[in-house]
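We just call them A, B, C and D in the order they show up, numbering each chain from 1.
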Amino acid sequence: MLLCEQQTPRGLNQLPRKKTEMELAVNITLLLMLCATVFAVVKLQSLFAIVMLFGIYSLLSAMIFVALDAVDVAFTEAAVGAGISTVLMLATLVTTGRWKKKPERSGLLPLFVVTITGAALVWGTLDMPEYGNPANPAHHHVADRYIAESPTEIGIPNMVTSVLASYRGFDTLGEVIVVFTALVGVLSLLQVRRPRTFARKQDNRPDTHRRRPYPVLQVVALIMMPFIIVFALYVQFHGDFGPGGGFQAGVIFAVAFILYTLTYGLDDSLALTPLPALKILAAGGVIIYGGTGVVSMLLGGNFLDYNVLAANPVSGQHIGIIVIELGVGITVASVLITVFYAFVTRAERNRAGEKQVDLPNKAD
Amino acid sequence: MDSIFTDILAGALGRYNYWVVIVLMMAGFYVVIASTNLVKKIVGLNIFQTSVFIMYISIGKISGGTAPIVWANAELYSNPLPHVLILTAIVVGVATTALGLSLIMRIKHAYGSVEEDEILALSQAEDEDE
Amino acid sequence: MTPESLLITALVLPLVGGALTLCLSKFQNARDGATIFTALVLLFVIIQLIGTTLSGGTVEWQLFEMLPGLSIEFRIEPLGMMFAGIAALLWPINSLYSVGYMRGNNEDNQTRFYLFFAIAIFGVMGVAFAGNLLTLFIFYEVLTLSTFPLVTHKGNDTALAGGRIYLSILLTTSIGLLLPAIIWTWTVAGTTDFSAGGILYGKISGVPLTILTLLFIFGIGKAAVMPVHRWLPAAMVAPTPVSALLHAVAVVKAGVFSVVKIVVYIIGIDTLSAAPWSSLLWILPGLTIVVASVVAIKQDNLKKRLAYSTIGQLSYVVLGALLIAPLSIKGAALHIVAHAFGKITLFFAAGSIYTSCKKTDVSQLDGIGWRMPFTMTAFTIGAISMIGLPPAAGFISKWYLLMGAFQVEQLVAVMVIITSTLLNTAYFMPVVYAAWFRKESGETILTYGEAPWPVVVALMLTAIITILLFLFPGIPFTLISAIPL
Amino acid sequence: MMSSQLPALQVVLPLLGAPFCFLLWRYPRWSWALATLLSWSAFGVAIMLLIQVQNAGTIEYAFGGWQAPWGIEYVVDQLNVLVLLIVSGIAAVVFPYSWTSVQREIDPEQQSLFFTSMLLCLAGLLGITIAGDAFNLFVLLEISSLSTYTMISMGRDRRALTASFQYLIMGTIGATFIIIGVGILYMLTGTLNMQDLATRIPDLGTSRASQVAFGFLITGIGLKLAMFPLHLWLPNAYAYAPSAASAFIAATATKVAVYVMVRYVFSIFGVGFSFETMHIQWLFVPVSVFAILFTSIVALFQRDIKRMLAYSSVAQIGYMLLGIGLVNVTGLSAALLHLFNHALMKGALFLAMGAVCYRIGNTFIDSMHGLGKQMPWTMAAFVVGGLSIVGVPLTTGFVSKWVLIQGAIENGWWPVVAVILVASLIAMLYIWRVVEAAYMKPRPEGAESITEAPASLLIPLWLLAAANIYFGANAQFSMELAQSAAKTLFNSAVVGF
């Protein structure tokens, strides 16, 4: 009740009317498109279509994020949701097949659960703070300080990066560890191996396992790779000033190698980036990030307190953020590359015609 | 009468974003729990999570604000904190997805199927064999 | 030795004995000797302690505190001292008997038998000396668990089935009823220490008090008040020494002893007599007495008949406690002693018969008195004590019970006691009559005589004590009059 | 200087140890040694934190030097120091054990991955416990969850894969529910810091949005702690995971989730909101009563003893929720005490099953006939743990049941007392099945002769078994911790820490 009274529409009225109306229109259009996509996903039977629609869904939500001023998030969502996730799902479909076999089970219980949950949420929104109102409690208390002080305290213009890397730097360390944990999990489930080795086991046709050369694609890919990598480096180091940072850079960097693998095959890309090196880099990135924290501890500050890294706190913050973003980038890139390799290895084994039999659940 | 109507309209305008997001969220949630295909479950999970991300970003939006990057002409910045949280959450999401998909591939290898009911039947047969 | 170290010794000694038997398992004679020796040492220690208690000394020892205000501690008081005294006196005799019985019947796993027997005695000592309800409960469970391997000693299906009933009833009642009663007591009184006059005075009254009392009575399954008596006949699959010492004395007495102790030291006589319907509580054991006696008449298996007799006799003690009269409570305490010696004699005799000629049924006993004169003389003495005739100990305790019943003017209870005396006669006298006055049936061509000498010596000893207790009831009397009523 | 950094070290040591552990992929033994060393150091840190908290009260640690609520902080108080102690203590016992056990169950190439996962899981669980920030808790929750999925999937049976996948779906739904709840709370208060939330939530009154947030958080955490009927992922996950992982997860993961529940219900939302506005006890009590009875009965019919123990865990979690639902200090103390005690007993039981699995390759009840003679130490430890589950005096289980029943009596809830007692009796039955199989059935003819498990398994196993007896006989330490935490939680409804 208290909240409802706080919602004075004054703040809204002072804003340029036209701009908010534009925002509204864009928003509603995008949201409707999202709804359409989601209902298609619910209904469709073709897994391939579902995965592609999910890619579209991600891209649309990235657009919404832009409309909602979350450019960093949009960047990441586009790279991850529409990019990596979709690629990984498609790689999975190579193994599992493109079609769902059966229609859904009778969805009464799920429908009931979903309806109840949704109804509860809608009921809850009725006294939630109004959308977009600058007076909302969420925008005050903690957020105020980030907006007001971070340019001077941290010394970089991108507030998202400031919060991400410094104020909430420990969250980001956790996030890097999550990525690393996923690598540990994927490696324990799937192996990364050169396809040649099991192709040889299966039969003696020496060349069938190799991709037919696609000269045009290969040349184009080769030309694009340096640009992608340069762009990745730009995103990596420009994160302080504009949208971007270690995570997005890592994803883009990984994309370069994914492109290479798609056109040249796993054999060649494994020669380019050997597995042990990737593993060392993945762990190394985490160690760089965590090491920064340990160094700041040794210098007398708290864990991840960059102020103590240099004589001047602001330059300390600069050093700290650059180093940890580097750690993030290295880990994310090498983890995503390795995960992709693992998926491709599995897909290649399928192509090589390995029988689908019930094997004991061992590391195969 | 008229004022009540405008109140309702104003209330709806202030919340339509949440409502649509709730619909999206629930659709994703429905796919997770109703689908029998493991890949589709993972897709549903992603949609569910992505919708939650949209909810967070909506919370951070300030009408008429701009992206929280300092520039000369800006008068009002949107709230950067939800953005940071969602950056983290997106990464967590992709990590979960990668692990889930690897599991699916191993399940396909071990059971020859990625349909939940078929796997369940095989598992139950195994339970009874023991 | 200080009284305290005596107490500790009394507790630890059975365990030491158990360990000794385990170490000496390869050397049969040394092992059996060790058991008897330990039992004798324990008897010696207990006699010392009785001396201390008679001279009015109090002994306390706290082992550790489990929760704040809730500790494992021991405190000697007259009632417990008496119980410990019975067990300590009978253990050496029973050990002697066991040696004869186990060897005479070529039983397997003898070491295990002696080991768990010793642990059971450890449990008995703990129950006797427990200073609060928690300690009592713990040792009560030790007694239950340690006797399980003894009950299932034969290891065949009948034994396992019997063991299962035994364990399930005793554990169910103790966990399901006794434990909540204890926790309830602790919640309302803030302590579970046994203290004169009870700890519940003014803390709980009315119907909840009656319910609490019922929880205690039925929770202590070892007291075998119907309908939680089924475990006792089931336990008869055990070798006879077990039935004799444990299921005629130690285990069942631990039950009725706990009831008396709880009525006197936890609830308090005055508090209990103020509770609604408290004057009707005695009906439960009263019914048990009558029903158990009637059932006993129908049993042909001698040990089963003894078991039902035990159920009836135990309820005398409970009846004594629940009549809530000072005299009846004294009678109850005294009956613990009297019944112990009488019933163990009877069981010894049954085991002796089984050892020498493998007979288990009453109908097989015609004329057996002339083949096994010592055994059957002892049996007769035991039977007389059970019925409550002079010159046996049972007479005195029944006398007190009757006096108590008169004191509180429960004439129906008086009738119950008298009726059951008649029923007792009805199920014991046929055995005695058949043994001495019937001719052996012609088909038996077996020749057999007395059981091995340790068996005979043991049963004669207990029979003599039964008579001595009638003639010289000094020590138990002194202890009983020290109970603060 | 060291001592002021302890809260960070508690988590950072295992967290940063993990990549090093991973780098030793060619040398699993070194990787294990490192993990073990770090688990011991984590235990050491937890003990030092306990001493600090008892001497100086609540400790706060600001990451990056940013004061809360702007930065992320760690808070160590009476309540979570107990959980830290449990988690790191169990880890300090299970990690040394894992080497021998893993030799039998996991391929050499994957062993260092397994140890890395265990270390990450430990770090995640410790982090969840110590976190003073609602969103940081989510991140650490995901670290522990992902590593748990990994460990489960390494089980030898192919059903380990489906179990892991099922857990992944349920766990992620749970985590997503939690972030929805946290998001709504942020929307209403503008903060993520738990202490800050605790001071701001009362101002919201009984707003619908905060009620919805509460609902989502409870459901999400409920999924994580296997609150009946959201427990379906748990039995398979525990049954098919490698033995060392089962023991570690069973003894710690659900305990940490229960802790999070207590933290949200008591300190963040506060007693008034949770119990007077939301009446959460009317969810907890019936649900836990049903869980206790139903899953105990299901446990009776399991052939695989690991799965039986898993069902028993769901029932035991019911005891903890019941304790919370009693809404009195005694009940909450019982819940917290059981948190501690159940970790000890389930740890011991699962470690015993690991030793059995090491020798006979499975944990089916019919394979265990006659094991009492052939693996006397292992089975004796199992019996100790089992007695504790039943609640026999002088074991930890007895103490928890004692206090829990006391709490129920204080409320005058006699039917609940009856349920607890009946469940103890059912527990007795299912433990008894194993005892009967191991001690009273002969070893089948022709079965290969089995020897006792190696000392490297027995020593950790007996450490836990002995702890069961020690803390059962002398519960002063655990009870004092639980009671003082419970009192603080009830008394300071607003300043919840």
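By definition in this document, a contact is a pair of C-beta atoms (placed from the backbone, for glycine too) under 8 Å apart; a residue touches a chain by one contact, two chains touch by 3 or more.
Please read these numbers as outputs of a predicted model, since none were measured by experiment.
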Check: Among the remaining chains, which ones contact both chain A and chain C?
Finding: D
Item checked: Chain pair with the higher count of C-beta pairs in contact (B-D, A-B) -> A-B
Checklist line | Most centrally placed chain, judged by C-alpha centres | finding: D
Next item on the list: Express in whole angstrom the distance between the two chain centres, defined as the mean CA positions of chain A and chain B.
Entry: 14
Margin query: Can you compute the centre-to-centre distance for chain B and chain D, using the mean CA position of each chain? Integer Å is fine.
Written below: 28
Margin query: Measuring centre to centre with CA averages, how many angstrom lie between chain A and chain D?
Written below: 31
Margin query: So the centre of each chain is just the mean of its C-alpha atoms; given that, what is the distance between chain B and chain C in Å?
Written below: 70
Check: In chain B, what residues contact two or more other chains?
Finding: 25, 29, 33, 38, 59, 81-82, 85, 88, 92, 95-96, 99, 103-104, 106, 110-111
Note to self: Residues touching two or more other chains, restricted to chain A: which are they?
What the structure shows: 121, 125-126, 128, 136, 138-139, 142-143, 146, 168, 171, 174-175, 178, 181-182, 185, 189, 358-359, 361
Next item on the list: Could you list the positions in chain D whose residues touch two or more of the other chains?
Entry: 135, 139, 142, 146, 149-150, 153, 158, 161, 180, 186-187, 192
Next item on the list: With chains as vertices and touches as edges, which is it: line, ring, star, complete or other?
Entry: other
Next item on the list: Would you mind giving me the full set of chain pairs in touch?
Entry: A-B, A-D, B-D, C-D
Next item on the list: Mind listing the chain B positions that touch chain A in their complex?
Entry: 10-11, 13-31, 33-40, 42-44, 46-47, 50-51, 53-54, 57-71, 76-88, 90-99, 101-106, 108-115, 117-118
Margin query: Per the contact definition, I'd like the list of chain B residues that touch chain D in the complex.
Written below: 25, 29, 32-33, 38, 41, 45, 48-49, 52, 55-56, 59, 81-82, 85, 88-89, 92, 95-96, 99-100, 103-104, 106-107, 110-111, 119, 123, 126, 130
Check: Where on chain D is chain B touching in the complex?
Finding: 135, 138-139, 142, 146, 149-150, 153, 158-159, 161-162, 164-165, 168-169, 172-173, 176, 179-180, 183, 186-187, 192, 303-304, 364
Next item on the list: Write out the stretch or stretches of chain C touching chain D in their complex.
Entry: 64-68, 70, 72, 134, 137-138, 141, 152, 155, 160, 171-172, 175-176, 179-180, 183-184, 186-187
Checklist line | Touching residues on chain D, where the partner in the complex is chain A | finding: 1, 5, 8, 12, 15-16, 18-20, 22-23, 25, 61-66, 69-72, 107, 109-110, 113-114, 116-117, 120, 123, 127, 135-136, 139-140, 142-143, 146-147, 149-150, 153-158, 160-161, 180, 184, 186-193, 196, 203-205, 207-209, 211-213, 215
